[in-house]
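In the two complexes below, subunit A is the common chain; its partner is subunit B in one and subunit C in the other.
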Partner chain A sequence: MRRYFGRKLLIYGLTFFMAVTVNWLVPRLMPGDPVASMLARARVAQPEAQEALRVYYNNLFGFDLPWWQQYLNSWGSLFRGDFGISLWAFPTPVADLLTRAVPYSLALLIPSILLSWVVGNRLGALAARRKVLDNTVLPVSYVLTATPYLWLAALMAWGFGVVWGVFPVAGGYSFSMTPSFTWDFFVDLAWHWLLPFSSLFLVALGGWAIGMRNVIIYELESDYANYMSALGAPQKLIRRYAFRNAVLPQITGLALQLGVLVAGALVTEIVFSYPGLGSLILAAIQNKDFFLLQGAFLFIVLGVLIANFIIDVVYVIVDPRTRVGMAGAAA
Partner chain B sequence: MTLEVDDLRVYYRTLKGDVQALDGVSFGLRDGEILGLAGESGCGKTTLGKALIRLDGRMKHVGGSVTLDGQVLPIGDDVKMNPYRFKQVSLIPQYSMSAMNPTRKIGRMVRELLESRREKLDLDELHARLDLVELPKDVLGKYPIELSGGMKQRMVMVISTLLNPSLLIADEITSALDVSTQKAVVTTLKGFRDRGFVKSMIFITHDISLTNQLADTIMVMYAGKLAEKAPASTVVNAPKHPYTQLLISSLPEVGVRYADKRLTGIPGNPPSLLDPVPGCRFRDRCPLAFEKCAEDPPPVEVEKDHVVACWKAA
Partner chain C sequence: MRNRATRFLIPIVAAGLLAAACTSGGTPTPAPGASAPAAPAPAAEGGAFPRNETLYTSGTQWGPPANFNPIREWDSATGTKGLVYETLFHFDPVAGKLTPWLAQSGSWVDDTTYEVKLRQGITWSDGKPFTAEDVKFTFELGKMETVPYHNLWNWLSGIEAPDASTVRFTFSKANYQQWDFNIYSRSIVPKHIWEGRAEKDVLDGINENPVGTGAYKYHSHDQDRVAWVKNDTWWGKAQLNLDPKPKYIVDIVNSSNEVAMGLLLQKGLDLSNNFLPGAANLVSGNFGITTFYPEPPYMLSANTAWLVPNTTKKPLNDAAFRKALATSVDVKKIVEGVYGNLVKPASPTGLLPQWDQFVDQAVVGQKGFAFDTDKAKQMLAAAGYKDGNGDGMVENKDGSPIALKLIVPAGWTDWMEAIRVIAAGAKAAGINVEAEFPDYNALVEARNSGKFDLVINNERQLSNSPYTYFEYVFQLPVQAQQNTVNFARYENEEAWKLVQQLDGTKTDDIEGMKKVSSQLEAIMLDEMPVIPLWYNGLWSQVSSSVWKNWPSSEGSAPKSAPTMWRNWLELGGFESLASLQPVAP
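On to the complex of A and B.
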């Protein structure tokens, strides 16, 4: 058991190292100079003052150091919990921007991932046993799972927001409101949350339902199900066993899909101008904000790694065979 | 009589039409009797075994009846058959290795299975029976994956016979085992009968020499019909049906060198059971066939307990 998790942690550590390196590298390979655009925004006329400002900015962000030193420094500040200062929202620290955005992203991601997984599995299991339900659930699921996140999001924003005007199309809460712990504010928050959440939930739902339906049908044909039927066990018990076994590949699927789901959520946030990480990343790219981009990506990488680790632990709990593999089988 | 099967017909539905896999088989089984059911692949022996406990989705009960302990079994009705399964008729399947749910501990699975049938789990009895098949008690706290193949087989044998069924169907359970394990399984099954765990048993196999060690009676089937049924020693030593004779003569004998005499087997293949031509189904391969074989040979009791379906034998 310890060896298993030791190896897992090592792999996660390596992944983290690679991810941070790539995160550091990619923004710096983007064309354009962030300092130049900051100077342009500052509208300084005199060449001397402009030069002084350039030296100041380059020194402030460490761009005057050799690249390897910049790289090592970025690790150093990472371990101190210092994400740097945003270039786009200068002089706000990146950490502040992130802590403002992350709750919105999590509020979208966690419910949509978990709920779509749970509901999709239930729906798929139901479809596997009723012909009528199968004939409706399956085609609808295929359409949903083939839908790109941003397309469904745009469609919903247009339909419910623009045409019907029932839901707001942009923002995390109304512009007329100030964040506070009042009932009105929470209702407003939920109202803005519902459309982006639903679009994420629906697209993910289809895939889980299809997967579960297929695995359940396979499990119901398996030897243990046949044996139970031959011994007259009620369908209820057999279905319960089949569901339990069918959930295992779905858990693996969840681990594999996490990255895709997060990417989908980022795009959805942009469509709805939702103030989460997705919108922040878009702003960072448009403004060549190295530090903000690095920080946002770091959060995503950490989130996906932690979620994967949780799934690893859950898998060991629900599938006895993984535990046997760790301990060595008894004869 | 424990079991009375009368003119049982079970067909397989296929796109091309019905395959007459079991076409009018009648036989009886006494209390305490072990019947060995033998024949080559596709002769209908597994179909007969399934017909007695659970028809699969493609199978159709066309005619005939099965009576067990004086009650007619509703074999064509999956739901009505349920109360009889496990309690009156039970099955040791071909696939013992994968017959148990991989994500449940065995003890819990057995308990849930019994509860679902409204039966109380008698833990002492279960332990005694595990002891009998030389399984330690702690297998109940293990997952199936933690058991070896032979242990799984024995565990399934214990589970299947836990409610003391009147009839136990053992379907090709020795096919995947090595010879010494086969012997142990046969001994265990005999022990189950002698202790009264099961009243009577149908042992389905293609291995006549193994059947001979276990069965009181051997029934040989050919192409969905009964060919010959007689006490085991009679079938092995003095078979009357030409198919049985060829089947027995194609078995190697221990201690005999086959330098001069080659084992031949039976030339030809069984007929298609999709629209079979009337008459004896063995006649194309039979060395004794004559004109009369164009008519269906009825099973005739040529001497006491010895039934043969052949015009030449009667």
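On to the complex of A and C.
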């Protein structure tokens, strides 16, 4: 058991190191100088003032150091928990921007991933047993899973927001509200959350339903199911066993799909101008905000790694065979 | 037990939802013991802005309101300057004169001394009186090297405040045009709060809870909005007879023009200063949305879009070639085809319509240019550019091929279409111009360091004086990095001397200004350091569902600029807000 998790942690550590390095490198390979574009936005008229500002900001952000020193410094500040200052929303610290955006992203991601997984699996399991359901759920699921997040989101924003006008098209909460712990505000928050959540939920739902249906059918036709059936076990019991076996590949699938889901959520946020990480990343790319981009990606990498780790743990819990296997290996 | 997985997933989902709901407020709201948001509570006062008391605006901010620092005129929250911090004067582009604001009056007592008399009875929003010391302190902040108006001190020698309502500025060299620009552009900050701030805090400080003299005070902000609340004790109510009706002004951060359009159509936005490509259809369709003019060009003009040639590169270093290029551009096609008549073609001098009186029509008639492909071909031939290899495109005089790249930022769809038209026009005349769309930052780098052939630029807004326009075109010396002006890297000592001479002409000496302008226009049309294309609009779409009496060309409506754009509140934007009336009282 210890060896299993030790190996996993080592892999995660390596992934983390690589991710941070790539995050550091990629923005710096983009063409253009961030301080120059910051000053271009500033539109300071006088050349002397421009030059003074340029020198000042290059020094402030450490762009005047050799690249290897910038790289080492970035690791140093990372371990101090310092993400630096955003160039785009200067002088807001990146950490501030992230802590404000992360709750919105999590509020979309966690419920949509987990609910779509749970509901999708149940739906798929049901579809595998009933002809009528199989003929309806399956085609709908195929359409949903093939739908790009972006497209469904744009369609929903246009349909429900602009044409019918029943849902808001932008923002985390109404522009007429200020955050407060009131029922009204909570309802408003949920109202703005519902469309982006639904678009994520629906697309993910289809994939899980199809996967589950196929695995269940496979399990129901497997030897153990036939054997139990021959022994006269009730159909309900056989299905329960089949379901428990079928869930395992779905858990692995969840781990594999996490990255895709996160990417989908980022795009969805941009479509609904939902104030989460996705909108931040877009702005960071457009404004060459190295530090914000690094910070946002770091959050995502950490999130995906932690989620993967949790799934590893869950796998050990739900699949007794892994535990037995590990105990055997340790002995 | 049916399914172990779902059984322990459900509590996680619930916890995740609850945690998200509790923290999604955005701004950290200290709410002790508020762990159960689901409990119904009576609608708290101040929890929401009443629609009929709130003005919603958008189109200025593209990032979160990161600071309230009026020194940072380029990225402080919309309204920091104009709503909270005020300037000594405003400038009225329609009448072409300064309007006293914090100042009662201002005048040149001799050629190098300017005296400002301040209004009585103005207080800062913290109750302290506003005095001459605050004005003196603000302008002296410019002695710091990184303060944007630092260069003022190259020709300003000293400031005195002989009494609480008088400020006297002494100059070593009086640049009258620039000075007028400064007195309506610089926000006055309170000395009692800003005193002792280090240079770093003055330039980079967030300046939370801004204390100003203005008609509005800070209310709240989040990453996608900033809200201002009316200052009931504002001095202007009595002294200017202006009383802005909106109790709250909420400025929404742009995420995209599509979102702005959606909000406008849902009546959630009163004033949109975004560029909306189909604005003409919005006005003619029955959407309740209006613009300044009910017919083309729909918008007031805000700045000129130029085709900027890199005059250090062959063949763009040849004025005759530049003129031929200018003659090959079909601006009418851009105005009609790309913009649907939302913009106006520029005059050959490029001076904005508000500066018409400074355009010397005789010079324009003699030296001006107009679109004519055949004439462009003749001009090229006359200047010695010939098509030697028969590919339909002319070559350099030494026979080497010409291949020019015209760049605009990727994603700026109107400009991208426009430069396709320009490239096609140039090719028809025999000049090989290719349209390219680099990323914005790459374009800025190429433009500033002079590593480009042709670029479109419009970074000079309307101001009090054509001086700022000519400064943009002719400023010397050319440096390694040209960040804001003279991207063409055009060097002409004589023209730059004339620009400085214009700067040294008193602003009430209209004839003197006209004389110098006329000479500069002649140089401009002979040399074509930049090629004026069209006047970009002061994009402004308004909805009259909650607020009426918006500026319009029709009837007795106000004629001021309907905008919240940076540095425009002093150019009539504030006056537009102040004249709004509620639709339902």
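Following the convention adopted for this analysis, the second predicted complex is superposed on the first by the 328 of 331 C-alpha atoms of A that agree within 3 Å, B and C clash if a C-alpha of one lies under 4 Å from a C-alpha of the other, contacts with A are read in each partner's own complex, and residues count from 1 in each chain.
Convention: a residue touches a chain if its C-beta (ideal position, glycine included) is under 8 Å from a C-beta of that chain, and two chains touch if they have at least 3 such contacts.
Here the structure is a predicted model, which is why all the values come from computation and not from measurement.
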Using the overlay on subunit A, decide if subunit B and subunit C clash or can fit next to each other.
fit
Return first, second, both or neither, reflecting whether A:Asn214 touches subunit B, subunit C, both chains, or no partner chain.
neither
Touch test for A:Asn245: subunit B only (first), subunit C only (second), both, or neither?
first
Touching A:Leu231, do we find subunit B (first), subunit C (second), both, or neither?
first
Does subunit A have more residues touched by subunit B or by subunit C?
C
Counting only touches as set out at the top, which of subunit B and subunit C does A:Thr322 meet: first, second, both, neither?
neither
Between subunit B and subunit C, as viewed from the CA centre of subunit A after superposition, lies an angle in degrees, nearest 10, of 160
For A:Asp223, using the defined touch cut-off, is the partner it touches subunit B, subunit C, both, or neither? Pick first, second, both or neither.
first
Which partner does A:Met30 contact after superposing on A: first (subunit B), second (subunit C), both, neither?
second
According to the stated criteria, A:Gln50 is in contact with first (subunit B), second (subunit C), both, or neither; which is it?
second
Which partner chains sit in contact with A:Gln70 here, subunit B, subunit C, both or neither? Use first/second/both/neither.
neither
After superposing the two complexes on chain A, what is the shortest C-alpha distance between subunit B and subunit C, in Å?
12
Overlap of the subunit B and subunit C footprints on subunit A, residue-wise?
244, 318
For the subunit B and subunit A complex, residues of the former touching the latter
53-54, 81-87, 90-91, 93, 95, 98-105, 112-113, 116-117, 142-143, 145-146, 148, 156, 159-160
State the interface residues of subunit A toward subunit B in the complex, per the touch definition above.
222-224, 226-234, 236-237, 241, 244-245, 248, 318-321, 324, 329-331
Mind listing the subunit A positions that touch subunit C in their complex?
30-34, 36-37, 39-54, 56, 60, 86, 88-92, 97, 100-101, 103-104, 106-107, 110-111, 114-115, 117-118, 122, 157, 161-162, 165, 169-186, 189-190, 193, 240, 243-244, 247, 251, 270, 273, 275, 279, 283, 286-288, 314, 318
Which of the residues in subunit C end up touching subunit A in this complex?
2-6, 9-10, 12-13, 16-17, 19-21, 23-27, 29, 31, 34, 37-44, 46-51, 54, 56, 62-64, 66-67, 72, 74-75, 145-151, 203-206, 220, 222-225, 227, 250, 252, 255-256, 259, 262-263, 265-266, 268, 438-445, 448, 459, 471, 475, 479, 481-485
